[in-house]
Amino acid sequence: MFFASDNSGPVPPQILDALARANQGPAKAYGNDPLSEEVVHRLRTLFEAPDAAVYLVATGTAANSLALASYVKPYDAIFCTPPSHIEEDECNAPEFYTGGAKLRLVGDSDLLDADDLRAAIDRSGRAVHNAQRGAVSITQATEKGHVYTLEDIAALSAVARDYGLPLHLDGARFANACAALDCTPAEMTWKAGVDVAVFGGTKNGLMGVEAVIFFDPEKAREFELRRKRGGHLFSKHRYLAAQMQGYLQDDLWLDLAREANAKSKRLLDGLTGVAEIAGTPQVNMIFAKLPRKLHAKAFAAGAYYYCMDDVESGDQDQPVMARYVCDWSISEDQIDRYLEIVTG
Amino acid sequence: MFFASDNSGPVPPQILDALARANQGPAKAYGNDPLSEEVVHRLRTLFEAPDAAVYLVATGTAANSLALASYVKPYDAIFCTPPSHIEEDECNAPEFYTGGAKLRLVGDSDLLDADDLRAAIDRSGRAVHNAQRGAVSITQATEKGHVYTLEDIAALSAVARDYGLPLHLDGARFANACAALDCTPAEMTWKAGVDVAVFGGTKNGLMGVEAVIFFDPEKAREFELRRKRGGHLFSKHRYLAAQMQGYLQDDLWLDLAREANAKSKRLLDGLTGVAEIAGTPQVNMIFAKLPRKLHAKAFAAGAYYYCMDDVESGDQDQPVMARYVCDWSISEDQIDRYLEIVTG
Amino acid sequence: MFFASDNSGPVPPQILDALARANQGPAKAYGNDPLSEEVVHRLRTLFEAPDAAVYLVATGTAANSLALASYVKPYDAIFCTPPSHIEEDECNAPEFYTGGAKLRLVGDSDLLDADDLRAAIDRSGRAVHNAQRGAVSITQATEKGHVYTLEDIAALSAVARDYGLPLHLDGARFANACAALDCTPAEMTWKAGVDVAVFGGTKNGLMGVEAVIFFDPEKAREFELRRKRGGHLFSKHRYLAAQMQGYLQDDLWLDLAREANAKSKRLLDGLTGVAEIAGTPQVNMIFAKLPRKLHAKAFAAGAYYYCMDDVESGDQDQPVMARYVCDWSISEDQIDRYLEIVTG
Amino acid sequence: MFFASDNSGPVPPQILDALARANQGPAKAYGNDPLSEEVVHRLRTLFEAPDAAVYLVATGTAANSLALASYVKPYDAIFCTPPSHIEEDECNAPEFYTGGAKLRLVGDSDLLDADDLRAAIDRSGRAVHNAQRGAVSITQATEKGHVYTLEDIAALSAVARDYGLPLHLDGARFANACAALDCTPAEMTWKAGVDVAVFGGTKNGLMGVEAVIFFDPEKAREFELRRKRGGHLFSKHRYLAAQMQGYLQDDLWLDLAREANAKSKRLLDGLTGVAEIAGTPQVNMIFAKLPRKLHAKAFAAGAYYYCMDDVESGDQDQPVMARYVCDWSISEDQIDRYLEIVTG
C-alpha cells in the first residue's frame, strides 16, 4: 500500500532487459555510442521533430534546471506557479543553474492561467533595476495532478510569444498527461508552442532517466556544456540510453502511464463518497481528506503515503489532507485493501 | 581492442544481478530505503570509519565538485596539479559548485610534491585581495597512471594540516591504486590524512556510481543540500545503492581493479621494447609513443584509443604519444592481437 | 519640483567640505587610513555597539546583498515582503551575491507581519528538497514610506530568533525612520533584535555611501572577502569615510532626515483633501492619487516624479497614483508651487 | 615618502572643483542626467569611437569583472598572465562575475607573448569536458610596470581574432601607458584590435572612477544589467561623471600620468647604480632590490612602500626586492629625500 510517490515502485522487466542487451562489449563514451544515437533518433521520431536537440539526464531536477539555464540569464525571472516543482522541490537548483535568476510566482493555483501570466509579465518592470523577463515554465501534469488542455498550453504559449519568452514544460509526468489527453507528444509540446520539454521517465518506470527536448536546436551546444559543467554527462551513457530504449519500445511509456492512471482512477472511485476529494484528479495523483483516525488506521496496517498534518496527535475526527500517487506497479489488491481499511 | 578508457567496457554480471535483486516491490525514495542504508553501513565498514558521512552520486565530476564545494568558499583557491581531472576535464564544474573558487596549479607533474605544495601555499597571499587558501586536491591513481605511496599522501596531508586545509582525494581509480599499493581503503585515506575521498565505481565496472566519503561527518548536511541543489539526489536511490552493493560484495571492486591492472601490465610488457613508455605505469593506464604508422595500422584494424596527435597525416615514422587504458573486461586476446599488429 | 526620489538632490556643503578636508597628503589604501578608522569608531559609538563590525560601501544594493550573503547559504530562502527593494529593485543582486538563494515573499504589504512571518517559516519545508530557512529581511522605512515601531521590530526579531534566523534591516531610509520614531540607532537595531543593519547615507545627502553594521562581529572576515570579491572595496577608501564623517558630524544625518520628513509633511498637508492619499505617510515618501490632468499640468510646468500610469493618454479625470519623495534639498517654495499647480 | 601605490595620493583640486560644479540642484538618477550624458560623449570623442558603449563604475575590480562577464560564459576560460590583477588581486571577482569561468595562465611574464598565447589556445581542448575558449585579457601598463607596444597589442589581437576571442584591456594605468607610448587612446585600443578597455581614473588622480569602453556596442544592455546586479550602478551617478569630466577637461588625465611617470623616472635615475633594477620600468612603477638595511633605514625615516620580504629580521646586507609607485602628487623633495636616505 505504497502511495507515497511514483518513484516508489520497481522498474518493469523490459527495462532490466534493455540494460542487459546494452551490456555487450565496449562502447564509446559520453553518448557517442550507437545506442545513444538510436535513442536520440527515436525521440525525434516520437516527437515528430527531426531537428530537435535531444539529451538524456538522470534526474528531473537536472533536466529542468539545465533546460531553463539554456534560455534564462542570471538577471532574468522565470514565471511559474507557486506549487511548481522548480519552486518548491528543487532546493534552489534553478537559481543555481541559471546563476541566480528569480522565480516569479503567478496566481495561486497549480495551473497557470494565461490572463494571470500576461498580467504578471506586464507588471514586471523592464528597467535595469528589475529582474528581466526570462521564461515561462509550466508542469504537465501539474504537481496537484491536473492537466492542461492543448488549448491551455497554446494560450500560454501565445502569451509567452507576445513577449518573446520561451515556454518550458516540466514533464516529470509527461506520459500520464499524454495518456489523459489522448494526444501525441508533438501535440502536447511544439505543436502547442512549447520550446523545451522534459520527457520524464523516472516517475513512470525508469531507474532514473529524463529526456530534454529542445525544439530549437540552436540551444544544443550550450546545453551540452552546461550539462557537463553540472556533472550530468554520463560517461557510460549507454545505460541511460538503454533505459530510454526500453521505455520507447512498443510504447511502453504510454502503457505504463495508462496503467498508473487507471490504478489511480480505481483508488479515486473507491475514495469518492468516503473522502473529500480536492480538485479533479486527472492523472495518477489524488489529494483527498479523510478523518485523521482513518489515516492512522491505514498506517498501522502498513500503508505509506504523505499526510499534510501529523496523524498521530490531534483530533481523531478531524479531516487531514493526504496525497496519493499510484504508479504502474501498484496492484489492484493493494488498492482494494487500502479502501477496505478506510471504508471498513 | 578498445583501450580508449575504463569507461568503455560493459558492467560485470554481478551488477546486473544486484539491480535485479533490488528491483522488488516498493521502496522509500531519496536514499531512505533499506538497501541504501545497508550500503552506507558497508562503506563505513570497508573504510573502518563508523562515523563517516557517506553519499552516492552518479558521476565523478559531481562527486569531486560536491565534495570540494562542501569545504571551499567562493573566494578560496584549491591547490592541485595541472593535469588534474578537476582542472582539465570537468568544464569548470568545481568553479560552478564552489561558486567561483580558483584552481591554483602547483608544479608541472601529475604527482603533487609536498615541498612544491608548501611553497605554493606560502606564496599565496592572505590579504583580502587574494584568493584564500581553501583545500588541497590530489588524484589517486593520477590522470597519468601514477600512484602516490601512503607516505606521499601522509606528507601532503601534513602540509595541508599545517595550514588548516582539508585534503580531497579524487578516487576515480581508487580501486586500481589500492590494488597497486596492496593497502586498505582506510590506509589510503583517513589513516594517511585524507579528509574526503571519492571511492570511484564508474571506471571500474559500474554503470555510474561514485561514493563520497567524508571522514568528518560535520559536512553531512551541507553535502546533502548541495547534492540536491545540483540535481544529483536520485529519487530511486536504490539503483545506485544496488550497484554499489554488487561492487562491494565479495570484494568485487578489488577483483575488477586487479584484473584491469593485470591486463594493463600484459599490454605494457608487450609494448616494452617496441614503444617508448612515458613514466612508470602503475595501474591500468599506459602512455607510450609508437611510430605514427603503427597507430594508423592498428586503427585500420579496429583498435580504438586516444593519440595526442593526428595519426592520418604527418610523418609516418614520427613517434606519436598514445594513451591506453584497460578495464577488467578487455580480453587477453584483444591485447595480444593489438600487440601483434604493432609489433608484427 | 523634483519629487522623483531622494537620490535626486545635491549633497549638502558639509559633505564637500569633508571631502576637501580628507584630501590632504597620502593615505593608506583599502580602509587602513586614520579617517576610515575614525569613522568605524564613530559608527560604533553612534550604535552603542563597541564590538560591531562596520563597513562602508558605495551603494545600497551592494550593502544589502553583501550583508545577506554573509549569512545566507545558496540553498536558503530569505523571507521578505513583495515590494522589498531586494526583491523588486536590485536586478537579482541578492540572488547573485548569495550564490542563488531564493526570496520568499510573505504577505502582500510592505510591512512584514510577525504572524505572517511565523506562518511562512512554518510552511517552508525543512527537507533536503526545499529551500532552507536562511534569513528575515525588512526595510525601515519601507518602500511605501511606512515605519515599523520598535515593538514591531522586536516582534519580528522574536520570530526570527525562534527559528535561529538572522534579521537584516535594509536601512536605505534609516535616518528618516529614526527621525520619525524619535529613537536612537541602537534602539532601532540591536536593542530590537536586528543582527545586521544598513545605515543608509545615499538617499539622505551623501554622494554614495552606506554603512553595513554587523552586531555580531564574527561575520567580519567573510564580509571583507565578499566585499572585495564583489569589487566593492574602494582603494581610496578615505573618500567614502570622509562623506560618512561629514554625515555623522553634529548629527547632520539626523538633521537632513528631519528636514526631508518635514518637507514631505508640508507636501502631504497640501495634498490632503485634494489627492487620495494611500496608507499613512510617515517619512519622506507619499503615495497619492490625483486626476490625470493635474499630473499632466504639473509635468508641463516642470515637475518630475513617478506616476504608476501614463499621464499623457487616457481619461483625464481618472485618478492616477503617484509617488512623491522629498529630500532635505527641496525648497518650501518648490513644494508650494507644486501645490498651487495641482490645487489652483 | 609614500611610494606604496598610486592609490595613496590625494586627488587634484580640479576634481574637487568638478564635484562642486556638479553639486547644483536636482538631477535625474542612474546616469540619466546631462552631465553623465556629456561624459559619455566626451569619452566617445576621446576614443574616436562614436558608437562605443561607455560606462562608469567606481572600482577597477568591478570594471574588469563586468567587462569580462559581458563576453565570457561560465564554462569558458580567460587567457591571461600569472601576475594579472584579475588573477592575483581581485579575490576571485572575475570568477564571481562570470559565474565560474577559469583563468588560464599563459607564460611566466607580465607581458603576454603572442606565440605563447597561440600555443595556449591551441592546447586548450574544445571538447565538452574542457573549459571553452572565452577571452584574452592583458593589462596596460602591466602589473610590473611594463608597456605593450602598439605592435604587441596588434599581434595579440590578431591571435585572439584567429580564434574568435575578444581582447580585454585592463587599463588601471591606461594613462601612464598612453603617456609612455605617446599614442592616442584609440591607437592603444580599437585601432590595435582591443574589444573592451578599462580607462582607469582611480590610480591616476580620481577618488574612484573607471570607464569601461565597449567598442562593440552590442554588449551594452548586458553590461547594464550585470552592473546593476553587481550593485555597481550609482544612483547619484553625476558624482562619478563629475570626476570623469574633471579628468578629461584640458587633458588632465594625460598631464597627471606624465607627471607620475616623470616622478618615477626621477626616482629610477636616483636608484640606478645603487639598487638592482628589475626589468625596464616604463611608467610609474619600479621594482628594485636594495640591501635590507637600507629599506629598514628608510622605513624608520617614514618611508612607506612594499617590500617582498620582511625588512626587520634577516641578513641586513641581503638585497630585498621592493615595489615603488609614484603618482602625480608625490613631490620631488620627497623623492630626493628618499634617495638621500638610501644613498647617503
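Labels for the chains are A, B, C and D, by order of writing; each one numbers its residues from 1.
Everything that follows uses one rule, which is that a contact is a pair of C-beta atoms (placed from the backbone, for glycine too) under 8 Å apart; a residue touches a chain by one contact, two chains touch by 3 or more.
Every value quoted in this text rests on a predicted model; they were computed, and no experiment measured them.
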Size of the rotation, in steps of 5 degrees, that lays the CA trace of chain A over chain C | 180
Averaging each chain's C-alpha atoms to get its centre, pick out the one most distant from chain A.
-> D
Could you tell me which pair, B-D or B-C, is linked by more C-beta pairs in contact?
-> B-D
Whole-Å distance, chain B centre to chain D centre, using C-alpha means?
-> 42
How many angstrom lie between the CA centroids of chain B and chain C, rounded to a whole number?
-> 51
Which residue numbers or ranges of chain D touch two or more of the other chains?
-> 74-75, 90-92, 96, 99-100, 128-129, 132, 225, 228-229, 233
Mapping chain-to-chain touches, which pattern fits: line, ring, star, complete or other?
-> complete
Given the complex with chain D, which residues does chain B contribute to the contact?
-> 74-76, 88-92, 95-96, 98-103, 105, 125, 128-132
In the complex formed with chain B, which residues of chain A make contact?
-> 2, 4-5, 7-11, 16, 19-20, 23-29, 57-63, 65-66, 90-93, 96-97, 202-203, 207-208, 225, 228-236, 239, 304, 329-330
Contacting residues of chain A [partner chain D, same complex] | 30, 73-75, 99-100, 128-129, 132, 222, 224-229, 233
